[in-house]
Amino acid sequence: MAMSKIGEVVLEARGLTKRFPGVIANEDVSLKVRSGEIVALLGENGAGKSTLVKMIYGLYTPDEGEIFVKGERVKFHSSRDAIKAGIGMVHQHFQLVPVFTVAENVILGDEPRRWPFVNMKKARDEVARLAEQYGLQVDVDAKVQDIPVGAQQRVEILKALYRKADILIMDEPTAVLTPQETNELLKVMRGFADSGVAVIFITHKLREVLTVADTIEVLRGGKSVGTTTPGESDQASLAQMMVGRSVLLTVDRTPSKPGEVVLDVAGLTADNNIGLEALRGINLQVRAGEIVGIAGVEGNGQRELVEALTGLRPSTSEKFTIAGLDAAGKSPHDIHEMGVGHVPEDREKDGLVGPYSVADNLVLNRFDEAEFATRGVRNRAAVATLARGLVEQFDVRTPSIETTVESLSGGNKQKVVIARELAADPQLLIASQPTRGVDVGSIEFIHSQIVAARDRGAAVLLVSAELDEVLGLSDRVQVMYDGRLLAELPGEEADRDRIGRLMAGGDA
Amino acid sequence: SSSTDETATETATETVAEETAVEEEVVAEDAAAAVTADDSNCAAPENYCIGLVTDTGKVDDKSFNQAAWEGTLLAAEKLGAFTKYVETTDPKDYANNISQFATKNYDTIVTVGFLMAEATTAAAAEFPNVNFIGVDQFQGAPIPNVAGLVFAEDKAGYAAGYLAGLMTKTNKIGTALGTDTVPPVKLFGEGFKKGALDANPEAEVTLVYHEPNNAFNDPEWGAAESRKQLDQGADIIFAAGGNTGNGGLIEIAKDPGAGTTVFCIGVDIDQYFTVPQAQKCLLTSAEKKLVAGTEELVLLSADGALPSGNFFGQTGIAPFHDTEAAVPADVQAKLAEILEGLQAGTIDTGCPACLDN
Amino acid sequence: MSVTDPSKTDLGFSDPDPQRGGPLGRLPSIVLPIASVLIAFAVGGLLIWLQGVNPFYAYWVMFSTALGTPEGLLRVMEKSTPLILTGLAVTVGLRAGLFNIGAQGQLLAGAIGAAWAGYAFTMPLAFHIPFAMAFGMLCGAAWASIAGVLRAYRSVSEVITTIMLNSIAIALVDYLASKPFKEPDQPISRTPEIAETAALPNFGAIPTGFVLAILVALFFGWFLMRTTSGFRFNTVGLNSNAARYAGISVKRTIILAMAVSGALAGLGGAIETLGVTGRFEPAFNAGLGFDGITIALLARANPIAAIPAAILVGTLRSGAAALQFETGIEPEVVDVILALTLLFVAAPIVGRFLFRKRNIKTTRVTSGWGS
Amino acid sequence: MNARWAYILGGFIIAGIIVSYAMDANRTESVLSFSLRYAVPLILAAMVGIICERSGVINIGIEGQMLMSAFAGFFGAALTGNLIAGAMIGVGTGMIMGAFLAVGSVTWKMDQIIAGTIINILATGLTSFFYAQGYVLPGVMPTVAVPLLKDIPLLGPVLFNNGLYTYAAILIAVILWVLLFKTIWGLRTRSVGEKPSASDTSGINVPRTRFINVTLAGGIAGLAGAYLAIEAAGTFERGFTAGRGFTALAIMIFGAWNPLGAMFAAIFFGLTQGVASQLQSDAVFEIPPQFVNMLPYVLTIVLLAAVSGRVSPPAAVGKPYEKD
């Protein structure tokens, strides 16, 4: 890319090592970033990417190694020091206060003041001006909890810009963005670099890396495994570097053989959390042996749809049957009993009980079934047997089935959820963002498992903001916009442009 | 924090709590040289030992536990006896606390509070050689080795109420009382009301009881309630209910009219000494002469003349102290007459029938 | 075993080194509380010494009278019984993410309920005891359920409602004992004595109630670890969102947990009435519910650990009277010792000192306002 | 509490007060004075809860903090012979108790409810153990009437003729509201209580913020204790805080963690107490006093059930902050 603008080395890490109880998260990792350069950090889940940048941002103290900023050796005691040194960071998990407004979030920690008061007017003006300048559209007075994730991501970036960062770290900023939003963000990022900012960019999406990065650093198991550039590499070679073996990047699947209608919904309506109509009459059918994908920008009712279908949210409908049985008004427990598996979009919050063992999480919704309990007493041996089998089958990387699930990496947590839902051999699988934040190796695996479930005759409803995922897996695709399902396209014919337009609310 | 010092015992005859400001002493043993040194050999005839078990609460509660202990100390000094106390923290320990003394061959055991009546009776049966004095414990069928020290609280209340009825200028008389589920409190309250109305049929007397939770240990409520009634025109308030009432007394004493136009009345013992902050407004206290009664019974017991059954202690009202000048002579005269009538039993206080409403 | 052992993971004692395996790895969970108790006693001893009394003598008096004589043992057992049960009541709530401050009110409800069932009916012993006990539990459960239902359906914090319900319960039982249930012809507010057929007998020298309380604690240890219902409690307590997604009815679980918690406190009250006091008398049950909070926290919400914790509290409270009798030290010293024990068990200081490790993970027992 | 409900309820109460004032001015004034007076320690204690919880720390030890400070304040005043010195000793003791909670919950990352419970037990034990009788306050704090304002009908005698503590309580509530919602300290404090990791990454020192706030809040608990001993009761007695620290927590929640909301909630609670005792003294109905006395508690539960479900505590409250 535009190599010409790249200047001096502004950030250098030498031989950084960081150990956590039982893991070496980083071992002798070195990194150089120049002004105007975008360095992409690649690596599997748990490779140590976040740890590396957290040390640079002063959140962790390295056990060994040194960090230099603009040629000077620095020792940060907190992020405050890093901010002072001109480093900004956009975090993998949003670091925003949900009940604060956008402006309040941006200025937090560096408030314009009219002592001792916060000069709120100045704050709002300043944030609005910044947003304008960098083309990051936000409503400064909206509460962060009320705005879509894409906008929250922009707030995160504004926070860093507001602090005048000339070294900007972005940890998986695109994980929750739609394709359009991602493209916008990549452009903004390029703009930063062109104006002299040094950018460290972490992502699992190889396409993005190849589009925007100047230099690519790959980590594996906490160690540097090499540096390359987009010119010298392609998706396959990068994936190989990360995982240490070759990875299938497209889903390998045969044409579907749809059977009986399993999920049959007509005229489904439901409200969102603040009482506004979120589903405006959904008509949807999913047959056994097919994958129906729902594409759409997040916040158009996907969450409510999935919750209504799984009994978690009250809804009204003209028709709502699962395998011919009436499912309207049933509890989540009843719906599960009807043979429905559900992969919730937020695995940490909704899908898992952190302090429970892997084994218990693997039976979280089946613990009281006859197989795992007799007259109300749990059969722990049966649970253990199942867990051992699933850990093996789904390649969950865990020290043991007794390990608490909160200590696993994101990808492995996701595998636990997928394993649990597929192990019950569901008639209908509802999978919401099944590969969010998961590395390429695990994505490959999860995708193959979903296809395998389809091939065993399960009806699959796939909801994803990841267009590649929807297109790659689905036999039929529907686009969700503003509480409605717009058009139905057979998987093969669906093309990105057309779907992109539909997602944005345009005509097909 | 027992309050047992030689100096205290000497002067405690009238001033129940004078000695309370004295340094704390760890062990509740009387240090006077004349008395038995310890309780290791209470069985010996020359060693006289007196034990006291408090009701839940402390021996320095400025109330009945303390008064009973003062009386015991006075008697012990006269007898050259050894004495100590145990404080009950859980009512279920009554029996055990009593038997700690009994098994050590104490000669007389004072148990304080009507809740301990049953435990006392049971212990009396188990230890027939020990004499028991049950303070505030009404005896149904007399037991040879138990004397119940009881008081007609309604009479003390009546007298105090009568005085209030004569003294009020606003014809409004208030009260801030502990909970009415404790009979002595109710007797004081109802007697007070009857007395006030008998003296002054025009008067308005309000009875306000604290909720049972923390009834005797909420001085802030006592203060706030008293203040409220003062604001509503009451000029004499009967604050009766342990620390709750004491809070009321202290609050009333803060009033600019305290001692001239506004008065307070204490309860149980002469609160001129137990709540010195209230001296300014304290007209009198509706007294049950616990100290004297306990002392007398302990002495009788040591004399081998324990009066089994009920022993009626004196009730009455405490001296006016600082407010003497504010009480006209005719009021004082009338009051003396009433006290005589009460003593003679010619005055109907409406109680104990009053307990039933 | 495979299934999460809650005492090991979320609610165990501070474990100085989670990586360390084998029998030594579990050692600290026993060593730590014992060390904590000892240090608390040492500090308490200082207090005693400052009052001019030999602390060794003081403790010897305390323990020899509490544990060294048959009557002392009996009293310790009697005192520990309601404490085990209120400790369990608070524990069960904590496990389901509820902070039940209302064990006191629930215990009172159970105590007066059992008293009424005990005196107002005549029936054979084989029925009367279970009936009175069950009725007491029901009263406790019903009283707690008010808080449970309000929490489940109206999102009212159970912390507030149980505080308020305590005050209401105290006033209510006071009314009942002084008016409708009052024993006639005597001045004290109390119910008549329960029928002989309702009185809990002793197992030789051991009170039936004590045995019962221990069995109940063991049962709840098993219940929370091994049963499906216990699993529901734990799941709702640890992550109510995930519980909902997994098909557990959170509302139902909350109400059930609160009712069970109340029933346990109610049982504590019932045993007090049927086994110790023989009637209901308002003053006789003071403070038991609040000690339950201390015990649950000392036991780190582990039902089985509630047994030794309650016995410790019971022993100290029981020995306090002898302490004062023999040495003049005031019984409040027990509160100081308890507070210090709790401090040393919960704070990482003792562990750090004992195991010379900096990274002691302190564990959380409670979950904020249960939301 | 839901704002609409608060307005409706407030409207009813004000209407009731006006009607009652028209019927009997003196009685209304005295009941309202009672309410305010009863509310003072509750307001102060609720502010302690609000500061701590807004910073992410549960303070269930307010009761113990008040008791300890009341003890120190009372004996401080009695021994120094100076009421102001006593109050300052009380506040200082409160801050020490606050620091204790801060060390436990912030530095040691202990379970916060355990840390608070320890304070409560310790305070009960120590103040009882070292209690001594026979000490008397050296005097009485003056009542300060605000010129002019005190002559407003109804409001004047109730609001503008009080002791210093009462003005302090109201002032602290108002100032705390401004501090929390308008100042830099407030913004940072709230962020620490809602999402400490966001504060941390914004360069705010989470443990330090929590430590300082919890310690300072202890000072307010100290003021509440000093008020109880030095002004309200004029004495110290064992356990005489009588559960007010717990009631204050309920009031804090009732007031939706908002200082002004909590102040009104406390006054409302005081009002129910005042009305309850007035019903008794007027003896208009033949209800057993126990039932009248239940009124404040029952009413609080009923009202919360009617209006709740809209407020939630600061998101991070109760959770020790660990960098992840």
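The letters A, B, C and D name the chains in turn, as written, and every chain counts its residues from 1.
Operating definition for what follows: contacts are C-beta pairs under 8 Å (C-beta built on N, C-alpha and C of every residue); 3 or more make two chains touch, one makes a residue touch a chain.
Every value quoted in this text rests on a predicted model; they were computed, and no experiment measured them.
Considering only mean CA positions as chain centres, point out the chain farthest from chain C.
So the farthest one, by centre of C-alpha atoms, is A.
Just the number, please: Cα centre separation of chain A and chain C in whole Å.
Each chain reduced to its C-alpha mean, chain A and chain C end up 45 Å apart.
Report, in whole Å, the distance between the mean C-alpha point of chain A and the mean C-alpha point of chain B.
About 75 Å, centre to centre.
I'd like the Å distance between the centres of chain B and chain C, where a centre is the mean of that chain's Cα atoms.
Once rounded, the distance between the two centres reads 36 Å.
Enumerate the residues of chain D that touch no fewer than two other chains.
Where chain D meets two or more other chains at a single residue, that happens at 128, 243, 290, 293-294.
Listing for chain C: what residues touch at least two other chains?
167, 171, 174, 178, 330 - these are the residues of chain C that touch more than one other chain.
When you check every pair of chains, which ones turn out to touch?
Chain-chain contacts present: A-C, A-D, B-C, B-D, C-D.
For the complex, give me every residue of chain C touching chain B.
Chain C reaches chain B through residues 51-53, 71, 75, 78-79, 167, 170-171, 174, 177-178, 187-189, 276-277, 281-284, 286-287, 317-318, 320-322, 324-325, 327-331.
If we count contacts the way the header does, which residues on chain C are in touch with chain A in the complex?
1-4, 9-10, 18-19, 226-229, 231, 234-235, 238-239, 241-249, 359
Could you list, by residue number, the parts of chain A that touch chain C in their complex?
21-22, 310, 312, 331-333, 335-336, 342, 344, 349-357, 359-360, 364-365, 367-368, 373, 376-378, 380-381, 383-384, 387, 401-402, 404
If you look only at chain A, which of its residues touch chain D in the complex?
Result: residues 57, 59-60, 78-80, 83, 89, 91, 93, 95-100, 104-105, 108-111, 113, 116-118, 159 of chain A touch chain D.
Spell out the part of chain B that touches chain C in their complex, as residue ranges.
Contacts found on chain B: 1-2, 26-29, 56, 84, 86-93, 96-97, 100-101, 114-115, 117, 138, 179, 181-183, 211-213, 352, 355.
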